[in-house]
Amino acid sequence: MSAVAEERGARAPWALTAPALMLFVGVLLIPLAMTVMLSFHDWGQYKGIEPVFILKNWREIATDPYYAEMFWRTFRIAILTTLLAALLGAPEAYILNRMSGRWKSFFLLVILGPLLISVVARTLGWALLFGGNNGLVNKLLMSLGVIRFPIPFMFTETGMVVALAHVMMPFMVLSVWAALQRLDPQIENAAMSLGAGPVTIIRRIIMPQIMPGVLSGAIIVFSLSASAFATPAIIGGRRLKVAATLAYDEFLNTLNWPLGAAVATLLLVALVLIVVGSNALIERRYAEVFR
Amino acid sequence: MRRNGPLALVFHTIFVIVMVAPILVVCLVAFTPEGFLSLPTNGFSLRWFRTIAQYPEFIHAFWVSLGLGALSSFVALLFAVPAALAIARYRFRGRDALAALFLSPLMIPHVVLGIAFLRFFTSVGLGGSFAALIIAHVIIVFPFALRLTLAAATGMDRTVEMAAVSLGAGGWTLFRRVTLPLILPGVISGWALAFIQSFDDLTMTVFLAAPGTETLPVRMFLYIQDNIDPLVTSVSACVIAVTMTALILLDRFYGLDRVLAGKGDPGR
Amino acid sequence: MAFLELDRVAKQFGAQTVVDDFSLSVGKGEFISFLGPSGCGKTTTLQMIAGFLDPTRGAIRLEGKDLIAIHPAKRGLGIVFQSYALFPHMTASENVAFGLEMRNVPRAERRERVRAALAMVGLAGYEDRHPRRMSGGQQQRVALARALVIKPSVLLLDEPLSNLDAKLREEMQIELRQIQRTIGTTTILVTHDQNEAMSLSDRIVVMSHGKIEQIGTPQQTYERPASAFVSQFLGKTNDFAGTIDRAATPSQLVAGSWSAPAPAGLNGAVTISIRPERIGFGDAGLSAKIVTRIFQGNHWLFQCESECGPAIVIRQNDGAAQPVEGEAVRLTWRPDDMSVRARAGA
Amino acid sequence: MAFLELDRVAKQFGAQTVVDDFSLSVGKGEFISFLGPSGCGKTTTLQMIAGFLDPTRGAIRLEGKDLIAIHPAKRGLGIVFQSYALFPHMTASENVAFGLEMRNVPRAERRERVRAALAMVGLAGYEDRHPRRMSGGQQQRVALARALVIKPSVLLLDEPLSNLDAKLREEMQIELRQIQRTIGTTTILVTHDQNEAMSLSDRIVVMSHGKIEQIGTPQQTYERPASAFVSQFLGKTNDFAGTIDRAATPSQLVAGSWSAPAPAGLNGAVTISIRPERIGFGDAGLSAKIVTRIFQGNHWLFQCESECGPAIVIRQNDGAAQPVEGEAVRLTWRPDDMSVRARAGA
Amino acid sequence: QQKTLYVAGYGGSFEKTIRDEVIPAFEKENGVKVEYVAGNSTDTLAKLQAQKGNQQIDVAIVDDGPMYQAIQLGFCGKLDGLPAADLYDTARFKDDRAVAIGIVATGLMYNTKVFKEKGWAPPTSWNDLKDTKYAKQLVIPPINNTYGLEALVMLSKMNGGGESNVDSGFKIFKEEINPNVLAYEPSPGKMTELFQSGQAVIAVWGTGRVQSFANTGFPVDFVYPKEGAATLLTTACPINKPNASPLASSFVKMLLDPKIQLVMLKDYGYGPVLKSLKVPPELGKMAPIGERAAKLYNPDWTTINEKREEWTKRWNREVER
């Protein structure tokens, strides 16, 4: 069924994706199309939404550098978060995978744990830890001599990245974990017998093979952090707005939905382009692993 | 299997500490006798756990969240697994576009989705119903189910499937007996992420939840509207306790690493 | 009418043609072996018959029906894969039982047949073990049991015994032959082991670069090879440069100090081909010196340096005294055992 | 002093002892083969030497230093895995180059050595292909090239040639032997092919159920097997029931119609063991009937039904007329070629 | 007939008060089921806009700013039979499309404990927001929140401007107040959290919020600035929809019942909107009652609403950056 697949069955993939496709067209594309339509409508504080077709919102986004700054910050934070999550999450998944059964499941739980409590409570925890200059984190870092002066975490991009990476970490760990399950342990042995040290094995042998997992994780983390709302809102506050909080503001505070819809549409389009682009790039680079 | 070196263990320890620190803090604060959040707390009290009893809607909301999460992540898998298999193994026109479409819910700010769904469901007469909530959650958790299944299905040894086919297994049987067990780690991880995502979603659900279908995060959010008091932390602590107990039981009776790593034991 | 028929089958991977113009008729119950160098397209051909690859050109028919239109799961073939392809998540007995389940064999019968199949391949007691905890040969045997237990009408075996020791291998060969005889299974075996191919097969297909070089019984292919390639590939061959001297009466075929009456039809420079097992040590003949003497159990292999270049001689280890390394010998053979052809480029 | 030494090594998986009390001294530059039935612990032993499995008990020393304490990456061994274990994400040449990179071989030299290694295993032109697009034998050869290219001082080969045809296999064997001679590589070969083991090795280790049955040169193990197991496992053996008749003068050893002067020391019921290649067809001797006659290229294999039970005879395919199936024959052999032991339970 | 009435309003303790004190009595009286849809003002307004033409909600309880917007957008129906004579003027809306159910004063909140420890005097004036000793310890709700807006208006007014000209206010915010601001935080929950964690010690806020925060035992107090505190209203309106239930109006009027007004004062710090109500002295420590209520400054919403969109934009670009 499978190898045949590549040659035969021009219909098979469509049959398999049809249910999901129908679901998406039915309950996602239509609402989304409505939202895109919305971005071309007009709006006034006291006249509400006017279903006309104008480019006002788009022109505003294109010409006002305010929006460029927001989007730039959004992607900067998302990229940093993704990097941090990948840099820490992938090794952790690898370490976990090498533990013996009992510990493995225990620590897996511990790492998945954060996902199980509300993002509100979780971020609250961070806020408590960061808590200004005399927050626990700063006290600890200073007493360890890592830093001399307290690092401001709350209402800074640093804090946002740290908290976002924490929130997103389990996604990365789990994705990589799933990919690691497929590795043939003998291959690692083979590399070792050829003289490869642990670092080389990870970089040259393990990494390329778990790329699909890292990629899944990175896509999830990147997308979620670029469209995240709660964490940036709580840690970043209103002065460090990102695209999602900007859209949120327009939708909920100003009620200028057409403008919010335009921001959201732009964010969506940019994200889709970035994700699909990097996906294709990496799939080509690691073509043999994805076969 | 090689063991982890000391450096790896140090890394691991720090990692785990950082991961649990905020949660630990939340749990600690839950035992405060004060009426407000404070750290470090002076004293120990179960006051805020007792307070939960005065808010039966929290308990109700917990069940709503649980049901919603379980149901929507399961339904999402039903749609996502076949789609992931198609995307993993066929090279067909429109493949990339489909993949992008299926991942798109990840990329839309949930507030936008919330409002889009609210408008949509209101216009088709499903506004405020539990069904609408489930459909919306299926959509937002779908990418998780898809992406992790996809990671497991790419690069899977196809000759194993060929062997099954040669023995007469086709279609559903092939899937159930061979393909699914082989991609199970991915599917289960996907389910777990999907469940958690649904369980935790607030921004979108706020718009769709109606009286009676308010989820726990919505409840907590509404509660902390005017006052953040330690009740949020004690409720969180309870959620942690409940889920940990459930997972430990699962581990006891089935083996969590087997659930996550698939049934065929990794052996040497 | 042929039971299984391949009609000018070809397969391309991208631009590379891996199998070309492959035509073969297999009778019902026949035992066919594919022999050929590594990478010549044996596995590819098997996979096309199994239905996992579609031929680029040509037709495959089973009992006259087009096989390509039939889904692989419906073909009812038994297959052993070169890489075993065991189900990693199932125990040995679950692996073997799988095909029976697919055929809705009742549970009791199933258990009995699985037990018997595993016992047959010498794995009684390993029923509950997972493939990853088995040795290479054990895994291969599970794969064999899995294919045999369903008693298929066509068996496709891709190097099914490559990881087994000689003893077990022979036992398995006898099993295969027996199954094939009693059930009348049509079998196609891919193997790199010529002994195996020769002792098991009704006919051998010798392949090279995706093309058929020769189809014939084991003895035909060995003793009357259709081409130099076949002759070289099956067993070893000595090629000596000789000359035919029509001036002498009767005319003589000469190679170094060896000579015999010349065969008809040829003249001048020729190549004499002779199998190493047909050469004996005698008092007269080609003079040579033993370079190495290799013990190979039931026979000895001698590598010699003769007047006409290197020569290989095989002698049965029948207990007689054998020449030692460095010894000067004379090589001799019966004219019937050699084949003579004009020497190219001479 | 021994170069590589295994000292009462044992390995358990759970409760099952897979290798037990394994002691072996390998000299520098020696070529050792492990022979034994599938599942007897060959791979496990190799993996312990390589350092991928830790022995449950015992010590492994290289040049007197405890090897177990040394990380596998530092042992500098060349290994071919039974399952190849190629890096799926690298091309053939990247696979081969990997070990050289680890040794910081300059780029130009690396390229040249990789090219040479791939050419040596007959894969010139396949440099840029990924393992998943190669045939089984091609993959195996990449694995071999990868291990050889680093010119290791110790080579561990786990069935490295099992998927190659006879011709290529022999070429590879010659390569292996040559490398081992020129670089003085100490080699341990696991193989299921007795011919391979016999023609390549200085010494053979015959294993059974995780224990050593015999260590010796090929000829020792074949011709003076230390146990019935070794004799049965290496090559084929005929066991005939005979009796020693001390009443006759001189006393006679009788098996059916065959007889010879009795050896000293035994009496009554005995078992006569004789290799099939030591039996000839003659005018007198054990009467038998040919049941099947199997062509095996350079020799014929006869399965006979004799007075004393089934018998196997091997005759070199030397061009002489051979008896046909159903023919009545007399089997004969020289008393020197048989071994006689008291018959148990008689 | 048994019908369900949907009331949308704040969550949290406000919801609890309404559920406990208002709904059971109302249900009994009118034979109707009441469902409470919790959400903050903006959520509620967004829901109204999303369900436009197909409204589910019958009664909306929101802040005054969003209420003006809701009225303008035509979401509110008309209230009949209000006790007009007894209501403060500020509590009434044009055409009676809505009515205030509670009065709050916008002023300053500070952490009494920290101020005592540091030996700082309690703040007394809007100008104290500029005091550099509060660097990064000041919290102000943003301008799309009424508190923030009123702070801007008050600062403009003190510096020669007013509703029609807020340039001076913007200037002060941008140059003098901004460096002190830790966060522009609209969420009340978040505000309390910033105080609880000790990151903030002074803020612009309303009496209602400060009262319920102080009720938890946290050491905060409210200051009426000497330049005057501004009025902020909590308002309710029946939603305009076809076949609107008359019960919606009844529910709003029930919120004006003196008994309920007292309960809201006690639990929630809302100054009553009824002139006639006698407030027991122990309840009126903070809330704008009597004298204090009379001194409140009432912003000119007509002017503000015209400019609000422009201000918001300007605020986002100049102040919140």
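Lettered A, B, C, D and E in written order, each chain numbered from 1.
As a working rule, a contact is a pair of C-beta atoms (placed from the backbone, for glycine too) under 8 Å apart; a residue touches a chain by one contact, two chains touch by 3 or more.
Molecules present, by chain and UniProt name: A, B = ABC transporter permease; C, D = ABC transporter ATP-binding protein.
Only a predicted model underlies this, so the values are computations on that prediction, with no experimental measurement involved.
*Asks:* When you check each chain against chain A and chain E, which touch both of them?
*Replies:* B
*Asks:* As a test of whether you follow the contact definition, which chain pair has the most C-beta contact pairs?
*Replies:* A-B
*Asks:* Would you kindly tell me how far, in whole Å, the mean C-alpha position of chain E lies from that of chain C?
*Replies:* Result: the chain centres lie 91 Å from each other.
*Asks:* How big is the gap, in whole Å, between where the Cα atoms of chain A centre and where those of chain D centre?
*Replies:* 56
*Asks:* Name the residues of chain E that each touch 2 or more other chains.
*Replies:* Counting only residues that touch two or more other chains, chain E contributes 43, 46, 190, 193, 197.
*Asks:* Residues touching two or more other chains, restricted to chain A: which are they?
*Replies:* Those would be 1, 3, 124, 128, 131, 198, 209, 251-252, 257, 289, 291.
*Asks:* Which residues of chain D are in contact with two or more other chains?
*Replies:* 83, 88
*Asks:* What residues on chain E touch chain B, complex-wise?
*Replies:* Contact set of chain E toward chain B: 6, 10-15, 35-40, 43, 46-47, 50-51, 54, 56, 187-190, 192-193, 196-197, 209, 212-213, 216-218.
*Asks:* In their complex, what parts of chain A are in touch with chain D?
*Replies:* 184, 186-187, 189-198, 200, 204-205, 208-209, 286, 288-289, 291
*Asks:* Considering the complex alone, what residue numbers of chain C touch chain D?
*Replies:* 13, 35-39, 42-44, 82-83, 122, 133-138, 140-141, 158-159, 162-169, 192-195, 198-199, 218-219, 222, 232-236, 275-278, 280, 294-299, 301, 314-319, 333-334, 336-337
*Asks:* Within their complex, state which residues of chain B touch chain E.
*Replies:* The touching residues are 34-39, 115, 118-119, 122-123, 127-128, 206-207, 210-212, 214, 221-229.
*Asks:* Going by the contact rule at the top, pick out the chain C residues touching chain B in the complex.
*Replies:* That would be residues 47, 50-52, 71-79, 81, 83, 85-90, 98-99, 102-103, 130-133, 143, 146-147, 150 of chain C.
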